[in-house]
Every structure is written in structure tokens, then in C-alpha cells.
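Worksheet for the structure shown next.
Chain IDs A, B, C and D follow the sequence of writing; residue 1 opens each chain.
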Amino acid sequence: MIPRYSRPAMVAIWEPETRFRIWFEIEAHATQKLADLGVVPQSAAKALWDWWATKPAIDVAAIDAIEAVTKHDVIAFLDWVASQVGPEARFMHQGMTSSDVLDTCLAVQLARAADLLLADMDALLDAIKRRAHEHKYTPTMGRSHGIHAEPTSFGVKLAQAYAEFARQRDRLVAARKDIATCAISGAVGTFANVDPRVEEHVAEQLGLAVEPVSTQVIPRDRHAMFFATLGVIASSIERLATEIRHLQRTEVLEAEEYFSPGQKGSSAMPHKRNPVLTENLTGLARLVRGYVTPALENVALWHERDISHSSVERMIGPDATVTLDFALVRLTQVVDKLLIYPDRMDRNLNKMGGLIHSQRVLLALTQAGVTRDGAYRLVQRNAMKVWEADGALNLLDLLKADDEVTAHLPPAQLESLFDLGYHLKHVDTIFARVFG
Amino acid sequence: MIPRYSRPAMVAIWEPETRFRIWFEIEAHATQKLADLGVVPQSAAKALWDWWATKPAIDVAAIDAIEAVTKHDVIAFLDWVASQVGPEARFMHQGMTSSDVLDTCLAVQLARAADLLLADMDALLDAIKRRAHEHKYTPTMGRSHGIHAEPTSFGVKLAQAYAEFARQRDRLVAARKDIATCAISGAVGTFANVDPRVEEHVAEQLGLAVEPVSTQVIPRDRHAMFFATLGVIASSIERLATEIRHLQRTEVLEAEEYFSPGQKGSSAMPHKRNPVLTENLTGLARLVRGYVTPALENVALWHERDISHSSVERMIGPDATVTLDFALVRLTQVVDKLLIYPDRMDRNLNKMGGLIHSQRVLLALTQAGVTRDGAYRLVQRNAMKVWEADGALNLLDLLKADDEVTAHLPPAQLESLFDLGYHLKHVDTIFARVFG
Amino acid sequence: MIPRYSRPAMVAIWEPETRFRIWFEIEAHATQKLADLGVVPQSAAKALWDWWATKPAIDVAAIDAIEAVTKHDVIAFLDWVASQVGPEARFMHQGMTSSDVLDTCLAVQLARAADLLLADMDALLDAIKRRAHEHKYTPTMGRSHGIHAEPTSFGVKLAQAYAEFARQRDRLVAARKDIATCAISGAVGTFANVDPRVEEHVAEQLGLAVEPVSTQVIPRDRHAMFFATLGVIASSIERLATEIRHLQRTEVLEAEEYFSPGQKGSSAMPHKRNPVLTENLTGLARLVRGYVTPALENVALWHERDISHSSVERMIGPDATVTLDFALVRLTQVVDKLLIYPDRMDRNLNKMGGLIHSQRVLLALTQAGVTRDGAYRLVQRNAMKVWEADGALNLLDLLKADDEVTAHLPPAQLESLFDLGYHLKHVDTIFARVFG
Amino acid sequence: MIPRYSRPAMVAIWEPETRFRIWFEIEAHATQKLADLGVVPQSAAKALWDWWATKPAIDVAAIDAIEAVTKHDVIAFLDWVASQVGPEARFMHQGMTSSDVLDTCLAVQLARAADLLLADMDALLDAIKRRAHEHKYTPTMGRSHGIHAEPTSFGVKLAQAYAEFARQRDRLVAARKDIATCAISGAVGTFANVDPRVEEHVAEQLGLAVEPVSTQVIPRDRHAMFFATLGVIASSIERLATEIRHLQRTEVLEAEEYFSPGQKGSSAMPHKRNPVLTENLTGLARLVRGYVTPALENVALWHERDISHSSVERMIGPDATVTLDFALVRLTQVVDKLLIYPDRMDRNLNKMGGLIHSQRVLLALTQAGVTRDGAYRLVQRNAMKVWEADGALNLLDLLKADDEVTAHLPPAQLESLFDLGYHLKHVDTIFARVFG
């Protein structure tokens, strides 16, 4: 997480003040329930909430100063709150362990991060959808292996991306649900010193589910699944970014990242407009993927818990969510303003003199009674001339001039075969599947 | 995938014959629909199914021999089928591309693999559940950081594992759904030469969903999610395996992998009983996790498709599913027959002369009117003696002999505080959450 | 490791017979030294070597049958050898542990695998070098961000690849040295039951170094480094494969994987020649990289050793070396027969009407006394016309027709600035650095 | 990289001011050589160095402010330098590209980072060496599979760690050499606008090697190898950390992380001393390993270069080096102050009533003329009693009381077999190998 690849809203989730605010809410809700259960006085809970109602600033520096002495972050926080609230605060944290607070807080932070990411994905989906409809019928070359294959529409390309990110959104919803649990169960999860109803209450107040079995810590398979899902999402970002990088190559140039009128690509080379945003997204995807394996390695804690996961999460919690958030927003901007060049797509489609229609001519000849071998020979002898001329000839002209061909397919029929519409006739079906 | 770590049922899914059988079904269902749509004669479909009804053997060697010439696996297969079925077979594959067959087949294989894995997980869950109930109230030391913390029950340990694998099962169900789609859409996914209703029909017949937008290939984010899920599951296998390895350590020895009465641990050292199965599971987990990143890197294919993913999937498709299947079954066997030693657990619980109850004594003194600082001092001066005696003294005796303590807590009350039941009182709650 | 991506020589290293042969040599050399030290009779060593001199076949099935009973591979092997050699064989393995044999054998196998890979790399380097010199001065477009930048030569491209693989070769030599150690040190590495001179002797005979401290096992940081190095090499394979895939794109087509005259790219589309070999290499690189992390996770064995690494190595040992061997040979074939199209390179160089020379014109105008801003304006107004004409105009013509330009740079001088040689003048320097 | 896991010296390498200082030196050295070659006036170089001799502060904020306008970091820097140096500065950067500065600067930063890491490793090696000699002959249990195997010495354990980190040091030296190259070669590496002698001069001045072929960028296989090496080193950190975590387990307790006399482990549980530092190191190792794969993925840049690697390096450059630096220093502190408990080691050694000597008794009986089977039976029947008594009996006593045993081995000889020295007799050899 570095400022260059960060957005403030996501960064804020990971700031100390946010963490302390969540800690307070966990403690105050727990104290409230303990009061309702008669374990601590109602006045204790009231004192906490009364203070909170004053919208107090959190003095992070003061808490840090206490921690420098106590060497314990949760105790430092509790001491500081006590110094603000007064003696009633001594009932806070009754029967709880630090992990009850830390792990539940992390659940809140990750859930909030997921909410931001879901909003990012909604914006991305909107942008893709808009551009897809804009170019629903814009013919463009479909490529397999980087080689021209058959025509498709630019809208279909984007519909594919839409469907992919819609799936990713569903996966993130599932991952968010997975991560959003509350644990207040004591040193090894037996509730020896804290009633399970406290956990239920705090969970409900914070919008979390109850963790069925925690063992001081919430089990890390949940977090592993969460970070793995972010890695899968990042990979789809890389896919769309790679598509755009390819389309912007000098020789292809069917689309370009937005370039403002006055912008200079290079002081020396006026033709330089580099797809730097999508290249950057490719790198960011690598980073988010890189955080998956450490998260998987975090699952196998020793016995009820060890603390090896902690350093990993202190780093990848912010790093993975901030980076993915930044990447999703950047991709949305790229899609939103993408310069799309239908003329160039058309030129590329015709780059090979109509060879992309050779398969259909072959079929038509067969249907007109020519044997498959014969038809292949007729098409091929013309196609080869086109291929060798590298753009200087076109197949339709040659076929029209080939008497053996026109004996079976008159010129008008031949012309009808060179029809992009043939390839786009099911675009509606595809769009209906994707956009409903 | 090597025989040592493979089970036949999963291996069979990846064998050439299985693949060819699935290919045939895809082709035959597609031909049927093409016949229904009037694109090919009904006799073509009938010929295929009539032949299939004879339960023909698949001559893999013959198909391989044809492929050695044609250099194309799907064409080799079609040629061989034609040689068996006769001229009507020429209508097979009309308007389709090889990927239509290959990717749909992979979906069927992965779905079947997932079904096997789900059955494995059911068996594992059953075994864990049974052992959990068997030891629902068996007291055992809860450990954080590898250090004694507070007591828990061995059943709670297993209930945690149950809840974790139950989550993993849900995730695999989702991943199976994600992967089980059918694509029959032609060279770039436009259905230019094949009606979308063919895809719908084949999907329905094979129990798959229709892929909303394919581009010759099914998008690889689906496969990435599938393999990532396997990696997360493997990490939970490692967690439980690590727990057992720890429990079997010479100094702990609270549980052991099953050892048959006549078995020799080592020809020279009778005390040697090594947790080799769970160590093996730890290694297998590393392998399954290792396949995640290549699967993520497979997502960003170029344009409509390239074929870089293919070699990856030819390897990790079998490797990841076969290895995870083997690991799940091995873990089930380990859990099923795990030797569990409640006596040793009890001895370990008491290893530190009752120090695990010090927190509760502290609390009781406070409730009896001693200041917190005073209570801490009273407990600590006795606890330290116990600690330094390394098992030769016990806390209860010392406390009973400490007049300052008994002034507030009479011996009978002190004894009541050294009660494991205090820690197990919510086991029912936890079991109810997990097992319903 | 699947046949499709395997070569026999590397596969043979991992076959049971090879392993048993190495085991025998380790045992026989150890017995010899034990005899020399007076620990066992000389007749024991002699009996082993006499039998070996008969070039006996290894009966893998017989050994497997014994293992099915003893459940121990090394014991099964020793029993089988004893059945062949006779009673003198009972002195074999004196004071040794199975790991002494297994780990030293793995060292031999990995060293042999490294030797094959080094030979592969030599062949690859030869092929690259030959093609580099062939196209030392073939001008081609240099591209940054996929966008035309400045001219370079195709030979320089290949010289870069040569230098990169030469580095990789050095790294593999280091990794081979790292892995090639012998350990015969007993149950925890103390030599309690076997003299260290046995280890020294076996090491010398097998061409290995002595492992300074083993602890039943050779430390796994060595293996981690070895597999990590393979992963780095694989990444360079991906780099060169990606370059070729890019060059073969329909719109670029400056090079192509070899296509035999009679070969059909596609039965329907004569223009289809897909870079399937280099796409395949891209996937194979992902696989080899995927084995790095499990190898790294293998390092942290528990105490003197656990056996979690074993399953990992049984899989990735063969998988990583066989796959990389196959990939290196495939890449060598691709480079060796790569179709290279200088004409097309030339056409692409000129695709933008000479804009690639704009920077040099700018510089010349400045040197002729025009201010930098003025020069930029003069070049830009002509360059923009070229840019907008998309290939229909060229910069030199426009500049010659621009009086304000020719006032400073007469036509002849202008022409001299449009000189590819300017960009290739240091090719000799680069080649001298790389090829000496 | 977060403050909690960072040390100032390594952080400083990655700070903007450091980067700008290195940039200046690159530019100034290049200008000097350009002046010597007559390309720019000597006064230009002199002006730069004269200014530098004043030890000017770098105004990072001012440079950032310019970058906010120019959107180009190198240009912003050059503009700011020009504003300080005056008009002579206009000759800076002649014929160079931004990457010449950026990549060479990264090489300097990584080389400096490597130097810090090497110093860290030296300190770690010193600490391990000192503790190893301190406990050269301290007997301790050797464990395979977590199970008692045979005795070793604690010094041998540490000698193993020493040898392992000494290897890692060698690898880092190689990786440092790999990364420390200078490239000043222009837009695609052809030196079209800058003489290769400039690169040679700058390289020499900065202590770098010349990059034989750069293509605007230094090839990323170098960086991949560097980060892979850091990942391998991190794995050895995890190994030693795991060893210590195991040794500190309550039931083992042969060593502990240092605990100051007044320190509180837990306010409630006096027995709680958690190995939190080594647990933390385990997590940090996961992080450093996690950066390896993104670095490997960075190698396959498109053509002469794309910029996808940049975001990855901006993150993992600091993250990997800062985290590893912190981890090495933390590990050094742990080793340096590790509490080592020979008494407890001794007790654990004897935990099983002398069973660890059973193998040697077996051997002695055989040498005394008992058949191997007979000897095994004699030892086993006594060993089993010891095993079942779980520490209440010891093997020597039982053997002495077994007439069939004493018939072959008189008590005095039996006693001599229960000798730890037998296992430590080659410690000198091992130490000589490791420490020379």
C-alpha cells in the first residue's frame, strides 16, 4: 500500500482511528449485554455510550504513548478510554480476551472493505454495460492465438467482460459473508468467562454472524477464502487490461486509453500513446495475486491459535484491499473513457482481403452441389492469391472473376456471402443472456 | 499425480477413455438437436445413438494412431467414430469447433471430480462428527502459541474442525456450480455456424448450465475459482494434520495415528511411532496450494482465446483433484482410527500443578473483597512456587496452606474453583451451533 | 509430468530402476569404505561389486512385491539385493539410515537432471546465437508498451535473449552445485553409528560434495534454491515465447513458428497459423513457476526432520525437471526454425511514414540554430499530418516541401536523417559484449 | 512495509530523497562523461558537481509540486535541479531516457539493500556461532517426525543453522552481483543517442557492472532472481523460528525467547511466556515468500519493455527488503538472548527411561554372540515395560535385572552403553566442517 496506488476511502478503513472506533463499539456493545445479563452494572454501559454520544475524538498519539509502556495495544486502548470515561469504564472487557476485540474488528474492517469493492465493481459493471451497448453491433475481428479468426462485435467482447465481472461480484458477496463473523469467546473459545449471549448481541449490533466455534481466534480458512477471491478478481482485471493493451498496439490500434487533446505522449515522438494505465493494472493484478499464498499459509495455526498470521494480515489486509480497490476504479475509468475506433476495426477486418469469409463461400459451394474437395480447391486457389498479395487483392473480386466459381454462385450471391451480419445475428441472444 | 497418492475413482475421470465417452455424448446430443432443428437428418442422430446403445468399447490406441497422423485429437476421434458408425456420422460436429467439445468435456470432468470430493468431504465430516461426540466432554489442554492456556474439550477441538470442513464443503459446492457450464458457440463464440439452441440442449442433457458468453473457450475465471477453492480446502487439511502431528509429539502424546498391534515402528527403536500420515498430508496440502497460482495466471488469455492455459490444465486438472481426493480420504482414515488418550490429556492438564486455575482464584479473591492488586499478589506468590517446582508442587495445596488466602476463601471453596467443569459448561452450546 | 510434455532422457532419471541403481552404488561404495575401515569384511564389498560387474537387471516388480509386505522401500531393496548377492550382503547398510540413501540418491538425480538442463540450455544458446548473427543487422521496430519506439535490429533482440539465457545457465550451474551433496550421517546426523569417512568416500565416488551438517536429511534450503532457479529460468522462457507470440500476430507478422510447406493451419481458414508452440511454452512456464512455492514451504521441517517434504518432492522433482527440459528443447526448436520476415519488419518500420525519425530531425533543426520550441513546432506540424493520414503520407516528403524547414536543412541533409544505420551503429558493441 | 516491521536504515534506502540523490549522481556522472567526450561543455559537468559539493538539501516537496504539473517524475526532478544549478544544467540527461536513470537507480538501491541484508546475516551468523560453541556439547534430544530419535548436541543444532545461513549469505552475494548493473542505452537500448562509454563511466563510478544488453530497461530476470533468493532466505528464517517455537512448547520447554525478569507474560496466567517473536518471524517469512511470484511474473515484459513491472517493484522492492531486514535482525536478537535450559534437555532425554539407548544395547548383544533375533527379543521385552510405565521405570535397571541379558553383558558393560558421549563423539568433526 503506497499513496500512488491508494484511494482515501479504503485507506481510511485501515487507519488506527478507525480501528479504535470499532474496538470501542465492540467493547461498549459487550458491556451493554453484560449489564443486561447482570454481570456488570447498567451504569457502566451507560457511561460508555454517554461518552460516545459526545462524538469524542480519538487521541491516537495518546494511546500509542500508553502502548509504548504497556506493550499491549488493547490494554493501552482500554486505559485511554478509562481516562476519558472515568471509573465506570473498569467494567469494560469483562471476561474477554484481546483477540475477541481484534478478530471481530478485523471482520468489520474486511466487511467494509468488501462493501467498497462491491461498489467499485458496480461502477465497473455500469461502465462496461454502457460501452457494450454503445458498440453492440460494431463489427470487430475475433482473434484466437493472436491470429484473426472470425468476426464478432465489440459489444460482445464487452458483454463477456461484463459477465465475468458479474460472476466476480457474486464471488465477492460470498467471500464477504464468509469473513463477517463475530467471536467473543475467551482464551480458547469455551466461553468460560463470558456468556455466549454477549457474542450474539455484539454480532447483531455490528451486522455480523456469530462464529460457531472460535478458539480465541476466528478460523483463518475464512480469511484465506477472502484473499483468494480477491486474487481471482485481480486476474480478471488483468484479462481486460491485457485485451486493451493488445488493442492499442501500434499495428492494431482498435482502441486506446483516453488521451486528452492537449496531452503529450512523448516530447520527442508524437506517435507515442502508451497504454500505461492497463499496463499498470497488469502489475497490480500480480500484487493482489501474490497475497493469496500467504493467506493460505495462515490457515494452519498451531492448536487453538498461534500469532504467525498476525504480521501477514497487518500487511496484506490493507495491501490487498487498497490495491484491488485502486485497480477496480482505474479499470472503470479506462473503460469509461476508452477511445474506440470502429474504422480501424473495419480496416483490420478487411486486412486480409475478405479471407475471413472463405469458410462461408466453401459451404455455399458445397450446398450448390460442388463436392467438398472441389469446393476447397476452388476457394483455396483464390484465397492463396489474396494471402500472398498481403492486402493488395481481395477475395470477392477474384471469386467473381473465376468462371468455375460463378458457374455455381452468381456474383450477387457471392456478394451476399461477404456479409458481417452473418456473424452478428446472435448478438441479441448473447446480450439477452448477459444483460437480461 | 503419481500412483502412490492416487485413488482409482478420481484417476478414472482423467483417463482417455472417459474423455472420449464424454466427447461422444456431447457430439451425439448436439447432433440430435441439429436434427430436431432440421440442420442434419434425424437418421444421423439415430445412427450415433444406436451405435452407443451397443455399449461399444473405446479403442484408445486406434484413436491415438489416427491422431499421430492428423495431429488433431478431436478430428482423430471423429474419424474413429465414423469408422464405427458409418457414413451417417459425417453430420456430427456440424458448425462446431474443437473447443466446444474440449471445454464442455472439461466441465463435465471437473464437475464429476467435485462430486467425488464432496463425497470425500461427507465421509470426513461424518468421521469428525463421530469422534467429536465420542470426546464431547473429554477435558484437554487448550493451547495458544504452543503454550498451555485454558482447558477445553477434545470434542470442541473436533467440532471446530467439523465447522471448518462444513464451510469448505459449501465452498466446493459453489465452485462446482461455477465450473459446470457448457459452451457450443463456434470459433469466437458468435454462434455464426451453430444455433444457440444446440448449446442449450447439450447443457441440459449433461446437467450443465449454459455459458452466457464463451469466446471459443469458457472463460478461465471459473477454473481459477475452482482451483483456488481446492487450495483453500487443502489448507484446512494441513491445519487438522498439523494439530495431530503436535498431539503425537513424544512430550505431548495426547493422540496418535492408528498403529496396529503387531506393527513395528522401527526395527531398532520401539518408541518410534511417527505421524507419517499427517506429515504426508502437510506435504500434499503444499502441492494443492501450489496449483492455485498457475490457475490464476490462466485467466488473462489473449483476446478471444489463446492456448496457454491448456498445458497448465492438462497437468493441474488431474494433479489437483487426484491429490486432494487422496488427501481427504487419508485424513478421514486418520480421524476415524485416531488413538486418543484422555489419561495423557489429563496428565498434561495437571502438568503445571493446577496453574491453569490461577485466573479463577484471582477472580474469586476479588469477589471476596480483596483488591485486584492484593489478589494478584496472593495468587502470584503461590503460583511462582508451583512454576519453579516444575510439577512437584500444586497450587491448590499451597493456597490451602496460605492463611492470607484462606482468610477469604475457605478450603472447600478453593477446591470448587479447581473445577474443569467450569471450562466445559458451554460445550453444549458450541455443539448445538455446529451439529444443530 | 505427462507423456505429452516429457522427453525420455529426463523421464528415465526418475524411473524406479534408475533410483535402485543409484541406491546400489551408494550402498556398495559405503560398504567398501566400511570394509577399508575394518568395520565389515572386505569380502562383503567384493561380493557386491562382483555382482554389479555382471550388469544385473533390476527386478523392479520383485522389489515392489517385497515392499508390499515390509512397507519400507529401502528394506525391500536391500532384501532383494541380498537375495541376489547372497549372505555377504548382510553387511550392507551397516550403521546407516534410509534417509542416507534416499537423500543422497535425490542429490544424484537432481544433479543429473541439472546436467540435462544445462545441455538443453547450451543447445538453446547455440540456436539463439546462430539466428542472432544471421539477423545481426536486420532492422526491426523496437517497441515499448507495445507501441513503436525506435528502430533496433532483430539480432539485438536475440542477443538480449542470449545474454539472458547465459545468465540463467550460470544460475543453474550454481543451483546444481548447491544440490549435489552427500549425507551419510545416521538417524540425527551425529555419525553415532557410522564413521564420517564413509560419507566422504561415497561423496567422492559419486561426484558429490559432503553435506557439512545433515540431520538425517539434507537441509531443504538447497532444494528450495534449486526449484526457485528453475522457476526463474521458466520465466525467461515465457519472455521469449511471448515475444514470438507477439511477432506472429496477424497485424505484426514479423516472425512465425515454422510451418512446413504441406501443413494445414485450419481446414477452413488458410490464413490460420497459430503460435501454438510458444503459447504452450507460456503455460509450461506457469507450471514450473508453480512448483517454487511448495519447494520453499518444504524448508521449515520440524526439528531434525519430518517427512512432509517427501510427497512434495516425489511430485515436483520429476514434474519441474521434466517440464523444464521439455520446454527448453521446444523453445530451441522454435528458435532454430523460426520463420523471420525482414520485409515485413521493414514495412512495419515504415508504417508510420517515417515518424520514427522525427526525434532526429528535431535535434538537427536545433543544431542548425532553430530554438527547441521552434524546431518542435516545425516537426510537429508535419508529423501530425503524417499521423492523421495513417500511412498515406510520409514525413520526409512533407519536410522537403516545408520551406521553413528546408531553410535550415536542405533536402539532402534531411534525407540523411532518415537513416536506419544511425540506430544500428552500436550493434557491434552490443554483440561484442554478449558474444565476446 | 509498515513501521511495526521496519528498521530505519532499510526504509531510508527507499525514501524519495535517497532516490533523488542517486538520480543526481547518475546524471552528473553521465554529464561528466559526455563532457569528456565533447558532446556537452565541461562547464556543464562542473556546474553540477560544484552545486553538489555544497551538500544541498533535496526539496522533495518542490519536486513533487513540479511533477503534479508535468506528470513525469524524472522531468520534474531535472527541472528542479536546473532551478538550483542554473542554465548549465540544460546539458544534463543528453541522449538519455528516463529508464536509464530509473533502472540504474533501482540497481543502486537493491545493491545497498543487499549490503544491509548481508550485514544482518553476518550479525546473525555471529550470534549463532557464539551460542553454538556455548552449547557445543550440551546433550539434547534429536527428533524426527516430532518423536524422540537419538541424542545430539544443542551446538550441532545451531551448527546446522549456521551452515544454512552461511549458504544463504553466499546466495545473497550472488543475487547482489546479479542485480547490480547499470544501463544507459536509450529508448530501445541501441545507444542511438548516447555513447556506450557514458554507460561504462557511470557504471564504474557507481560500483555497478555494465548491463550487456538493455532494451530501455534492465532485463527483469535479474530482479526475479534477487527476490527469489530473498524468499529462500526467508524460508530458512522460518525453519529456525519453527525450531524455537517447538522448543518453547510447554511440554518441551528446552529453550525460550528471552523474558526480562520483571516482564509479565499475562496479567492472569503466570505460566504464559509465548514465543511471539518467532511466531512473528514465521508470518514475516510468508510475506517475503509471497513476493517471489510477482517478481517471476515480471520477467516476461512485452517486446523491448512494458511498464507492468513498475507497480510490482514499487511495492515489493521496499516490502521484501524491509521485511527481510527486520526479520533477520529480530532473529539475531532471539538467538542472541535465547534462554537455553540444559537441565530440561537432560530431563527430556531421560523421559523415556533410557529407551534412546536400546539400539546400542541391541548391537552390543549381537557382538556378544546373541543372534539378532534373540537380541531384539531380549531388548524388546524390557523396553516394552519401560514404554508402558511412561517414565516410571528405566531400561538400564531392568536390563541389569534380566539374567539372560547379564549372561552376555555384565552390569558394568551395560552401564557403559548408556553413554551420551557415544552420540557426541563426532561433534568436533561437524564443528570443524562448519566453523573451520
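By definition in this document, contacts are C-beta pairs under 8 Å (C-beta built on N, C-alpha and C of every residue); 3 or more make two chains touch, one makes a residue touch a chain.
Bear in mind that the values here come from a model prediction, so they are computed numbers and not experimental data.
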{"item": "Pair exhibiting more inter-chain C-beta contacts, A-B or B-C", "value": "A-B"}
{"item": "Pair from A-D, A-C or C-D with over half of its contact pairs in common with B-D", "value": "A-C"}
{"item": "Chain A-chain B separation of Cα centroids, rounded to whole Å", "value": "26"}
{"item": "Chain centre separation in whole Å, for chain C relative to chain A (CA means)", "value": "33"}
{"item": "Chain centre separation in whole Å, for chain C relative to chain B (CA means)", "value": "34"}
{"item": "Overlap residues in chain B, where contacts from two or more other chains coincide", "value": "143-146, 149, 245-246, 274, 276, 279, 282, 289, 293, 297, 302, 306-307, 359"}
{"item": "Contact set on chain C toward chain D in their complex", "value": "142-146, 149-153, 156-157, 159-160, 163-164, 167-168, 171, 174, 178, 186-193, 196, 210, 212-213, 215-216, 219, 221-222, 224-225, 228-229, 231-232, 234-236, 238-239, 241-243, 246, 282, 285, 289, 292-293, 296-297, 299-307, 359, 363, 422-427, 429-430, 433-434"}
{"item": "List of chain C residues in touch with chain A within their complex", "value": "141, 143-149, 245-246, 248-252, 267-276, 279, 293, 297, 348, 351-352, 355-356, 358-359, 362, 376, 380, 383-384, 387"}
{"item": "Complex contacts: residues of chain A adjacent to chain D", "value": "1-2, 4-5, 245, 274, 276, 279-280, 282-284, 286-287, 289-291, 293-294, 297-298, 302, 306-312, 314-316, 319, 323"}
